[in-house]
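Multiple structures follow.
Same chain, two partners: chain A is paired with chain B first, then with chain C.
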Partner chain A sequence: MSDAAATMAQGRQRLELSALSAPAVIFTVAMIAFPVVYTIWLGFQSFSNTGKQSFAGLANYSKLISDNEFWHGLWVTIALYVLSLVLQLVFGIWLALILFHAKRLPGIVRSLFISPFMMPPVVAGMMWLVILDPSLGAANYILQSLGLPPSEWLASPTWVIPTVALIDSWQWTPYVALIVLGGLQSLPSSVYEAAQIDGASAFKTFQRITLPLLLPTIVTAAILRSVDLLRFFDIIYITTQGGPGNASNTLNIYGFRVGFEFFNIGYASALMLTLTAIVLGAVLAFNRLRGAVAW
Partner chain B sequence: MMDAPTTDRWIRCLNLLQLVLAGIIIMTPTVWMVLSSFKPSFEVTAYPPTLIFSPTMENYLQLTRTTPFVSYAVNSLIVTIGSTALGLLFGVPAAFAVSWTRISWPAILTLAARMAPGTLFLLPWYVMFRQVGMIGSYTALILSHAVITLPIVIWVLLPSFDSIPRSVFEAAQVDGCSVTRILWRIALPLVASGVAVAAILAFVFSWNYFLFALVLSNGDTKTLIAAAFNFIGEGSTQWGALMAAATLIALPPLILAALVQRWLVSGLTLGAVKG
Partner chain C sequence: MNARMFAVRVALPVLAVAAISVEAHAADFDWKKFQGKTVTFLANNNPVAQALLTYKDDFEKLTGMTLKVDGYQEQQMRQRLVTVMNAHSDEVDVFMTLPSREGEQFSAAGWYADLTAMARNDVAKEYDPAGLSQALLKAATFGGKLTSMPMNIEGPIFYYRTDIFKKCGIEKPATIKDVEAAAAKIKACDSSVTPFVSRGLKPAIAYTFSNVLHNIGGSYIANGKSNLCSAKGKEALDTYSRLLRDFGPPGVVNYSFQQISALYRSGRAAMSFESSNELRTAMEGGARLKDTALMPFPAGEAGQVPTVIGWGLTVSSHSKQPDAAWYFVQWATSPAVQKKMALQGIAPPRPSVANDPEYRKWIDEEPVRKEWQAALDVLATKGSSEVGYPIVANPESREFIGQAVQDMILKQKSVDQACADADKALDALIAQK
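And now, the complex of A and B:
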C-alpha cells in the first residue's frame, strides 16, 4: 500500500516536472521546429509572379548550383568568416593576456572593455559609417596626417570585406578576450610554478604551457564566433547592403533579399537551408577539434 | 643583465602600456560617436575633424522634431519588455526542471535559435503571420524576440539552480512540498540574482536584435533598431542627428551591461564557459 503511494507520488512529481518545462518546449517547437519543417517544404515549392504556388522538386537546389550569385555569396561569407575569426582570436588572446596580468581591474574598466559587444551591431555600423566616410571621415584624416594614402573603406569593392571584418572585430574581440580570460583564470597555478623553477622564459611558458592548456577555451570561443560570423547580417545590412555592387553580399544578406525584396520564398528557403547546413558543419567540425584538444 | 625587480617593473610598465593602447582602440569610436552627437551641424562634417567645439543639444532636438523617435522607443520597450517577460515565464520553470531531472534536451532544443540564421525562421513566420494578419503586430514581434530571450534565460539560470544543494529540496519534499511549490517558495528566492542577470541579458539581446523587426514590424510598430535605417537615409548629410540616434539606441543596453558586468561571462557564452 505504501509502495503504491510512493509510486503515485513519484509519478505525480514526474508529471509536475514535465509540466514545468512544457511551455518552453511547446513554444520552441511552435516557433522553431515547425517553421524549419515548413521551410524545408517551401524549399521544394516555386512561387510564380502571381503568387501561385506549385511543387518544384529539386528545382530550387539545381538553380543554386548554377547561380553565380550563390557561389559569390559563399565566397564572401567564407572570406569574411576566416578573416574576422583570425583577427578576433589573435587579438582576443592578446587582450586576454593583458587583462590577466593587470590584476585587480576596476569594474568601470571591465564595463568599458565589454561596451563594444553590448551595444547593438546596428549602432556599431552607424558609428563606423561616419568614421570611415571616404571624404569627410576621421579615419582618412588620421591616415593622411600619418602620410598614408586615404582609403575608400566600405565604398571600395576591394576593401569592403576587410573593412567589415575590422568593424566586427572591433565589436567582438573583447568578447573573445573575456572567454579566454575565463580560461586563463581557471588554469592550475602549479604548472606555472614548475615552469618557473625550471627557468623557462616567459615566451616558452606561453608557447609550451599556456597555449596548449588554453586550446579548449579558444575552440569554444571559435565555435561561438563561427555561429555568428557565418550568419553575418546586421553590420553589412546597415552599412553597405551587400554593396558596392555585390562585393559584400554574404549568403545571409543574399537569402534575405531573395526572400523579402524579390519575394522568391522557395529559392530563399533553399538558400537558408544551405547556409544552416554550413553553420552546423562548422560547429560539428569545431566540436570534434575540441574533443581532440581537451585535457 | 638586469636584476629581477627592475625586469619586473619593466614588464609591468609594458603591460600597462598595452592595456592603455587596447583601451584607446576600444573606446575611441564610441567617444567619437558621442562627441559628434553634440556637435553643431556645420562642425560635424568639418574636415579636418574638430575636437574642440561648443556642445549643443540641437541634434537631439532635431531627432525628436523630425522623426517619431519617441514612439519608436516606446515600440522598442514594448517588444523588449514583452519578450523578456515571456522568456522568463517559460524559461525559469524549464531551467528548474532541467536542473532537477538532469534531462537536458529541452535546454538544448532552445539553442537551435542560436545556430540557424534568423532568415530561416523569418521566411515561414512571414508566410504564417501574413495568413493570420499578424504582420506589424506587437504579438508577432514579441513572439519572435522571445526566441532570442528564452535560451538566454534557461542557460543563465541552469548553473544557478545547479548550485542549490539537493538536500534543501529533499527536506522540503519530506515536509510535503510539491515540486512547483519548491520552485516558487524555495528555489526562486535563492537564485534571485541569477534571475536578475538573466532578465538583463535577455533585455539587452532582445533590444539589440535587428532582423525580425525589419520584416515583422510596420510603420506603427517599428522599433528603434529597425528604424535605424531611416535615420541613415535622412542622415547622409546630417551626421549629428544620426550619431544622436546611435547614442540613444546604445544607451539602455550599455547602462544595463555595466550593472551586471561581473556576472556576464557565463551568461554570454550560454554555459559553454564557467566564468
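And now, the complex of A and C:
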C-alpha cells in the first residue's frame, strides 16, 4: 500500500471513529452545557412571586451589590470554608501520619477511622443534631458530667459556625487523611535514608522532607475539599436551616431559599452563578499553587 | 375594607362555598368512569398522607384507576412542585397544599384547577361536600375559585402537665398572663423541667406566633401596611419571645415540632404549645397519657382566636386529566375515607365524622383524646387561618416574623428595633405584585 493510500485509510478510520463516538460526545457536552447556559439565561430574568417572568438584564446582578443578605452569606461561606479547610487539612495530615506509621493497626480500626465520610451527610447531620441538642443531647451531658458549663452549640449565633465546621471536619477529615496517606506511601525512601544518615530528628524530617514533598498532595486535597466547602449545604440545611437568625446562612442556603421557597428563580440563579465563579476562582488559585509546589 | 377587597376576601369565598353546598350531585355518577387511567399524586410524606395512602388499594379497586404516588418530605415536595409547575408539566395530576401558606401564591400563579364546578356537578351521592368544614373551604377559596378540598383540620394547641401544675399549686391557665405566671412558678418550683416550649425555629415561628398575636388582638396588616409595630403587635412579639427566652429550653431558636414533641414526651417540659397533629408523637410510649391536659391557647385581650389550618388536596392546572384527578380528590376527602383516617388520629375536617359513634368511641378511650377533640372543636368554630401575612409572598413573610422573634429571643434587638426592621421588610413584600 502506498503512503497516500495508508494516510487515506487512516483518515477514513478516524472519521468512522469520530462518527461513532459523536452522539455520546454531543450528548455529554449538551448535558453539561445546557444547565449552565439555562442558568445564565435565568440570571437575566425576573420572576414575580407568582412565577411570572420577564427580561431583567443585569438587574439581578446589581441587586447583589445592595443585598446585605448576600454579603452576609458570602462572609459566612468564607468563614466556614477557611475554618473547615484548616481543621481538615491539619487533622487529616495528622491522621494520615498515624495510619502510615502504625503499620500493625488492625484493618477494622483503620476502617473505623475512615468510616465517617462514607456516611451520607444527611445522616451525619441528623446524628449531630441529636448529640448537640442543648437539652437532650449527649454533648452537654458529657460537658456537665465533667463539671463544665453546657453550650448551646448550633443554637448560638456565636458558636454555630465553629460547630458546623466541627461536624463537617468530623466527617471529611478521614477523606483528606486517605489522600495524604496515598501521598505518604509514594514518597521516595532514599531521602529518608539520607536524613537518617545525617542524624535528622523526627520533627526535622517531617518539617524539611515530608511536608514539602507532600505539598502537591495536600494542595490536591485542598482543591477537592474547597469545591465542597464553598458549596456548603446539606449539614446546615439539616441542622440549622441557616439559623439562628441568619448566623449560618451560607450563599448556597440563601440561593436555595430564594429560588425554591420564595420563587425568585432569576435572582437565585444570579446568586448561584456568583457562587460558581467564587468556586472556580478558588480552584484556579489552588491549581496555580499546585504548579508552584510540584516536584 | 374597600369594595374590591370585600369582594375578593368575603363575598367570593362565601359564594363559592355556597355553590358547593347545593345538593346537586350527578345522578349517574360512576366511580368506574375513568377505569384504566393513571393518576399521579404528589404527596407530602406526613402523617396525613401516610394515613390516606393506607387505603390506596381501596381507591384502585373502587375506580379501576392506578394511583401513582410521588412522595417526599414537605420541603422537597414543594421543590418538586415548583419545578413541575414552572415547566407547565402534566407529570402531576393531584398535589397536597397548605392554603394558609401558599394558597394566595399558587392561586395567583394559576397552579390550582378550579374545583368549584367539579365539587358541584361531579360528585357521588355520599360525598356531601357541604359537610366539610366551611372555615377550611373558605380558606381554600381564592378569587371565588375553590382550589382544594380539606384533608384534615389542625392547629397549635396547649399541652400541659397536670402533675407538675398540681405539685407547684398552679391552676389551669385561663389567660396568656396566667401562662407566664405559671411558667415563673414552675421555674421556681421544679428546676429540672423546662417551664414552656414552643416553636423558635425561624420559618416555623409564624404557626404558633399568629395565635398569640390574634389572641392579644393584633393584626398583621392595617391600612395596607405591616402592623407589627402597633401596640398589640409589639406586645405579641414581646410576650412570645419572653416566654421562650425566659422559660424555654436552651437552644429554643432551633426548635420546631420534632424537638418540642421529643422534649415534652420525655417529661422535661411542663407546657408545650404545639400542633394538634403531634398528639400521637407526644403520647408515644404512653408516659404522658395520664398526666397531660389539652386546650386551645389561653385567651388574650381579644379572647381566643386559635389558628386553624388543614392540608388540602388539589388538582394541578396542568393536568391533562383533571376529571379523573378529581375522582381521587373526591375519594380521598369523602366521609368514609376521612372516618378511617380519623381512627388513625387524623382530625377530620367534617363535623359528621367527628360525631360518628365509632370515632367517638375511639375518642372516649382516653381523656386526653377527649380534650384534644374539644380543643379541635374550638379551633374549627373560632379559628383563623391567617398564619403569616395574607399576601402572595406569605412564605417569605414568615421569615421576617421569625427573624423579629429570634432577634428578641437572642437579645440582639429591642422590640422597637425588631418590629421596625420587620415592618420595613414586610412593607416591601406587601407592595410587591
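Convention: the second predicted complex is superposed on the first by the 260 of 295 C-alpha atoms of A that agree within 3 Å, B and C clash if a C-alpha of one lies under 4 Å from a C-alpha of the other, contacts with A are read in each partner's own complex, and residues count from 1 in each chain.
Convention: a contact is a pair of C-beta atoms (placed from the backbone, for glycine too) under 8 Å apart; a residue touches a chain by one contact, two chains touch by 3 or more.
Just so it is clear, the structure is predicted and the values come from calculations on it, not from any experiment.
Once the two complexes are overlaid through chain A, chain B and chain C clash, as defined at the top of the document. Within the superposed three-chain arrangement, the count of touched residues of chain A is higher for B, of the candidates chain B and chain C. In the superposition on chain A, A:262 makes contact with chain C only, while chain B stays out of contact range. By the touch criterion defined above, A:48 reaches chain C but does not reach chain B.
By the touch criterion defined above, A:101 lies against chain B but remains apart from chain C after alignment on the C-alpha atoms of chain A.
In the superposition on chain A, A:28 makes contact with chain B only, while chain C stays out of contact range.
Of the two partner chains, neither chain B nor chain C is touched by A:286. Looking at the shared chain after the overlay, A:123 reaches chain B, while chain C stays out of its contact range. When the two complexes are overlaid on their common chain A, residue A:138 makes contact with chain B while staying clear of chain C. By the touch criterion defined above, A:115 lies against chain B but remains apart from chain C after alignment on the C-alpha atoms of chain A. Contact with chain C, but none with chain B, is seen for A:155 once the two complexes are overlaid on the shared chain. Touching of chain A by both chain B and chain C, each in its own complex, is seen for residues 135-136, 260, 265. Remark: chain B residues 11, 15-16, 18-19, 22-23, 25-27, 29-30, 32-33, 36, 45, 47-49, 89-91, 93-94, 96-98, 100-101, 106, 109-110, 112-128, 143-144, 146-147, 150, 154, 178-180, 183, 204, 207-208, 210-211, 214-215, 225, 228-229, 231-232, 239, 242-243, 245-246, 249-250, 253-254, 257-258, 261-262, 264-265, 268-270, 272-275 touch chain A in the complex. Remark: chain A residues 48-52, 133-136, 150, 152-157, 239-246, 260-263, 265 touch chain C in the complex.
Looking at the complex, you find that chain A touches chain B at residues 12-13, 16-21, 23-25, 27-29, 31-33, 35-36, 38-39, 42, 94-95, 98-99, 101-102, 107-116, 118-124, 126-131, 135-136, 138, 141, 145, 170, 174-175, 178-179, 181-183, 186, 202, 217, 220, 223-224, 227, 231, 233-234, 237-238, 252, 255-256, 259-260, 265, 268-269, 272-273, 275-276, 279-280, 283. Those residues of chain C that touch chain A in the complex are listed here as 75, 78-79, 82, 85-86, 105, 108-110, 194, 201-203, 249-254, 259, 262-263, 266, 268, 392-393, 395-396, 403, 406-407, 410, 412, 432-433.
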